[in-house]
Amino acid sequence: MSLLKLDNLETYLGQYHILQGVSMSVEEGSITVLFGRNGAGKTTTLRSIMGFNPSTSGFVHYNSQRISGISTHLISRKGIGYVPENQGIFSALTVEETLNLAKAKSTGEAEEKMEWMLDLFPDLKKYWRKKSGLLSGGQKQMLAIARAYINGDGLLLIDEPSKGLSPIMVEKLMESILKMKEKTTILLVEQNFLMASEIGDYFYIMDDGKIVHEGMMQDLKDDKETCQKYLGIA
Amino acid sequence: MLLFMMLFPFVNDSRSMLILLTQIFIFAIFAMSFDILLGYTGIVSFGHCMFFGIGAYSTAIIFNHLEATLFNFIIGLAIGIILSALVSYIIGLLSLRLKSHFYAMLTLAVSQLFLVLAEKWRGLTHGGDGFTFSVPDVFKDRTSFYYITLLSVAVVFLLLKLFTESSTGKVLKAISQNEYRAEALGYKSLHYKLIASVTAGVAASFSGALYAVSLRFINTNVFSIEVTLDALLMTMIGGIGTLAGAIAGAGIIEFLRHYLSELAMTYPIFERWTIILGLLYIVVLLGFPSGLAGFIKRITLNNKMKAKKKGELERTTA
Amino acid sequence: SGDKASSDEETIKIGVLASLTGPLETYGKQTVAGFELGLAYATEGSNNAAGKKIEFIVEDTETKPDVAVRKATKLLEEDGVDFLVGSSSSGDTLAVLPLAEEYEKIMVVEPAVADSITGQNWNKYIFRTGRNSSQDAVAGAAAIAEKNVKIATFAQDNAYGREGIAAFKEGAEKLGATIVNEQYADPNSTDFTANIQSIINEKPDYLYIVWAGSNAPWKQLKDMQLEEQGIKISTAAQDIASLKTMDSLMGMSGFSIYYHSLPDNKVNDWLVEQHKKKFDGEIPDLFTAGGMTAAISIVEALKKTDGDKDVDALISTMENMEFETPKGMMKFRAEDHQALQSLYAVTLEEQEGVDHPVPVLIRELNMEETEPPIRNGE
Amino acid sequence: MENILETKDLSVSFGEHDVIKDVNLEIARGKLISIIGPNGAGKTTLFNLLSGQITPTKGEIYFKNDNVTKLSVPLRARRGIGRSFQLTNIFPELTVLENIRLAIQSSSKDYYSIYPRLSALSRQQDEAKAYMTKCMLNGKEHVLAQDLAHGEKRKLELAMLLALKTELLLLDEPTAGISIEEIPAILEVIENIKKEDRYTIVLIEHKMEMVMHLSDILVVLFNGELLASGNPQEIIKDQRVQTAYLGGLHRESIKIG
Amino acid sequence: MEVFINLLVNGVSTGLLIFLLAAGLTLIFGLMSVLNFAHGGLFVWGAFSGAWIFKETNSFLLAIVGAVGIGMALGWVLERFLIRPVYGNHVRQLLITLGGMLVLSESIKIFWGPNPIRVNLPGWLEGSYQFDGIIIIKYRVFVIVVGLLLYMALWLLLSRTQIGLMIRAGVMDKEMVQALGINVKGLFTFVFLLGAALAALGGALLAPYSGVVFAEMGMQYAILAFIVVIIGGMGSLQGSALASLIVGVAGAFMAYYIPDLSLALNMLLLAIVLLVKPTGLMGEKGSAV
């Protein structure tokens, strides 16, 4: 059964028509990847799901409940965690404070989830009392993911997690995301095709605010033509 | 505009209008000096009145002790300007590295200390009551003084305009947007902020001197926070970062004040015209953050864009 | 401009400058109300004196010297007024003084108190019907000072407070009292107890206070139990708004400049009656009487010159002129044109149906008693 | 060969956390040196030390044989150390042209003149346009910097840096957040700069393909320490580098261009 | 000795009163990073409405509650219409709340006229105790008690609940906090109303202190509160408390021993603190520069 379903979503930013009828669905327990070039509307899609940029028409259903049109904090409380493109770090809060905050309105077993995250990202434990603004880029990314997972484990929306990470970090992140998959469903936006194709189950490709292609990830790897056309990969 | 102002005394013989305009010119200089800080450098000072006051007191005290000659005016002016430059330099050196609101409060504190000084140094200032003094005859004559202030506005406007268009002015604008980056380009932001605050201080001091001369009287009011607030209102309403906006703002505020208080004579509700000014100020801040000048700029820009689009459209259809 | 008015020989115009908005607006409004009544009184309702029609024009100075100058210039130039009256604040008044000289028009100062108006900033066109700080101080001293009395003083740390205490000290010491402690406090302060403490330590017989404006220390004086420790408080009983804040000074002896029940003369009776009639039963206040006095002085002078507006004639008429006012007889002293006038030694008492302490007359301090030193150096 | 920049025992710590430890770096004139290292290794911090944003707790920095350790950011920029930032860092409300002109103004030592000089103005204008061409920003002269697309902002950063005419360029992840299609363009700009011999470039980058393609020398920073430095092909074979930084992924590569 | 005790008690009590005023400001600044100049306006409204309600009803409790209620209502209007549009922009906050300040204090005159009004106290708070030279004013003791209780309540609120954390995070990234399921807008409004309530309470309690209230006191006390908050270190509750006590006690001793300097005391304190330790006594490192 699909956990998240977008139905013909239309979103405007200012006077620009950014999403022009986006439909997609995310199966429970899977990793779904959203590809697309700079400015295609990937981030906007995630933001529309979260209610930051509410769509003007179309629906978002989560767990068969309609969540389009309600405010962000209520959407989040349904169990959706979000890792924004810019990481959204609370720079003056320490790692500890940030994660405590994530627990405040958490769905599910917050303590357990926290422990699991700290196992997954030991760096966070190491810098427990450090201001998050002072963490390095990769550490921030881990914190953002941990925060999202602790806050809501039904569905994670992750926007370009590999940005700025070292190869080994990317690898670790892949492993972590794969591990997280056992406990949660993930919708991932990614530029790093290599990484995404390794872990994704299903994919969508966006261009100019529309879904232009979708399918199983295995199929995409072999589909050189599509790769070339939309992703600039030979 | 300038021409109209030049001819004004010939077409209108109302003295009080002349005085009102003179007053507006003086405050226009003051508001422009404030704009150099707020609009061009992004520095909020709540103590700008101190330079106004220093200029005013220097001139007044000179005239109180020496004869009312033009030469002495120049001396008073020079003393005021030197003092202001010195004070703004020292304060800036000590505090410009603070964040905006801290700087604002610190300047407020220092300006209040000047108020206390003026209150306490009675031998020189006669305290809160103040004193009257006489000024050279050219300044006494309303019409000639009108032209002197008009000329001053024009000259100060021109000088400040050149200043903001200069390399230094450009760097100031850059610093107000991204100080960190400007430093990495090789600009020492403290130097520039100091230049801006000294320039502003000097111009404010000049307007203060003119103010004292226009009244032939001075008291500690020149150091009151209301004076700073006036500059703030004028700059904000006229539009920050555009010297012309500051001039317009001075005009708007003074005229509004004048007419609202006139209205209060017949309609007592207008006795509370300060509320109207406050509301206007809020509306401008919320609705037109770039003030009147910014608003006009936007409209003309929009029109240009429209015209351009139209042109493009015509080209494509053709 | 000017010629319009001068062509109209039959009208005499008076420009009244007052604070109608801003912190002193009640003062200004009282002056204006009083001035209007005074004109009616002096001209017996005809607004005509010596065959000439009298008009007056009110302008709001907003308690800002620059506005005052502008308004005064407008009055002098555009309205062509023959007299200026005003204004509520000393600053505004001082700023306008040179204009009177420049335009050679008489200015009747009311109610600004600064000594320098009839002191170093004085010019011969200036006449003052209001009392000055020194008169207050002399009256204050007369009310309490005598041989071997120990007095402490407390005032706002500004020109008004300092000037008032300096004059008081001079007067009090002349009467044989000693000043044992002088305290000055930031007028904006929240807490005056430290100053009061310091006064208590000196154990004076009297505490003399000069205070104008809102943030008055009365409450804290009472809290510190001055009276219980044998220190009597004395200060000016000012306008009714201030009296309303002086609840805790009930029983105090001090002096008053004007309270409607203090003077006993027909001018005052008329004022009280007419004021009540006109303003819905309200009693006239401190500066209502002042405004009336200013009007009377001008009309009387005009009557004496037989309507002649020539300024030198008016000046010489007004010097040493005596005239009836709600406060009894006044006289413009020739040297500095300060109106010598009675002030009142009073105690504050509670009265049925009155929402403020009422100054009750102990004795009238006549104009010779309250005569201040001449300070204009002429 | 002469070194343009050297560091001696450079160290910095924040609180008890040592971020850079005794780094001795020698950067030869005219080369392109890449710094790689795990996230949090201290690469950006090292840049901050070199350009003066932070002061070291220990050690010295020599630029062209002068000790510049105590100089402020602007003074180092004037001497010839220029840098770009990991997160885009421009003047958002100035136009592209004005952004670049500010850099030119600085490089032509026009710091404090308080009246406009028209001749200088037009000369600077022309110069700015040349840099725009170089960085493929043509046609965007009068666009406000904040309205640029992300990739264009990165190009603007480069243009400003070039216009500053410093001999040493510190580039902090110039391709961060840029989509795969746009990377070649940035790469081309850097290659062009490299061809002009007067620049020495230090590059921080995680995209290994790019690093291998561009670098003369590779430096590995790990936990604030210099782990290795030398020929890229050799460094990359180093076992420690493999385990600490590269992991398994680098073997499969992303094609560029 | 008596003098010392008197000065100390009065100074402490004045200090705590200033603290009430500064607490609201520091709360709003520390948590929401909003510089609210209109705080003084709320304060003066609290003072006038408190005095007025007491006069009408003769109930001190009602006066306090009413003043706080009115303060909160005005605070709501301020937050909704003035502050919400400018969250995150210090300069505009400073400027716009200044406008709010002008309007609030001038509008006092519409309701209560331009004159100062007298403020009364219930009988049980009137008067003072005296033991040989030591004079303790009852109302000051009351203020000390209220001040301490409020300090404790605020401290508990901030340290024992996550509200403080949530709001600080909200200031840094509002959207992200919402994405954590936290109703940020509601929280901001809550904190602002709390600040407004404190301002109004401060006003209502200060009014009987000197016995008179007047419209111009808004600006005066807004500046005082700012001074205290800056001296203490922006946003630090403890800092504000400490700074308030310093200003109160130093004011008392200065007025007694060096009266000539007392006019300049607060400004001098501010200038010195800013120059020596720009972040204030207990401010966080690096936040001022």
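A few remarks follow.
Chains here go by letter, A, B, C, D and E, matching the order in which they are written, and residues are numbered from 1 within each.
Keep in mind that, in the parts below, a contact is a pair of C-beta atoms (placed from the backbone, for glycine too) under 8 Å apart; a residue touches a chain by one contact, two chains touch by 3 or more.
From a predicted model like this one, the values you see are computed outputs, not experimental measurements.
Note on connectivity: the fewest chain-to-chain touch steps from chain A to chain B number 2.
By the document's definition of touch, chain A and chain E have no common neighbour.
With chains reduced to the mean position of their C-alpha atoms, the one farthest from chain E is D. Averaged C-alpha coordinates give centres for chain B and chain E that are 32 Å from one another.
Centroids of chain A and chain C (each the mean of its C-alpha atoms) stand 77 Å apart. If you average the Cα atoms of chain B and of chain C, the two centres end up 36 Å apart.
Shared interface positions of chain E, i.e. residues touching 2 or more other chains, are given as 263. For chain D, residues touching at least two other chains: there are none.
For chain B, the set of residues touching two or more other chains reads 119, 272, 274.
All chain pairs that touch, listed by label, are A-D, A-E, B-C, B-D, B-E, C-E.
On chain D, the positions that touch chain B within their shared complex are 51, 53, 72-75, 77-78, 82-83, 85, 89-94, 98, 101-103, 105-107, 110-117, 120, 160, 164. By the touch criterion given at the top, residues 162, 165-166, 168-169, 172-173, 175-184 of chain E touch chain A in their complex. Of all residues in chain D, only 14, 17, 36-41, 44, 86, 149-151, 173, 176-182, 206, 208, 243-250, 252, 254-255 touch chain A in the complex they form.
By the touch criterion given at the top, residues 23, 25-26, 157, 183-186, 188-195, 197-198, 200-201, 214-220, 223-225, 228, 241-242, 244-245, 247-248 of chain C touch chain E in their complex. Against chain C, the residues of chain E that register as touching in their complex are 3, 6-7, 10-11, 14, 17-18, 114-118, 120, 127-128, 130, 135, 137, 139-140, 206, 208-212, 214, 216-217, 220, 224, 248, 251-256, 259, 262-263.
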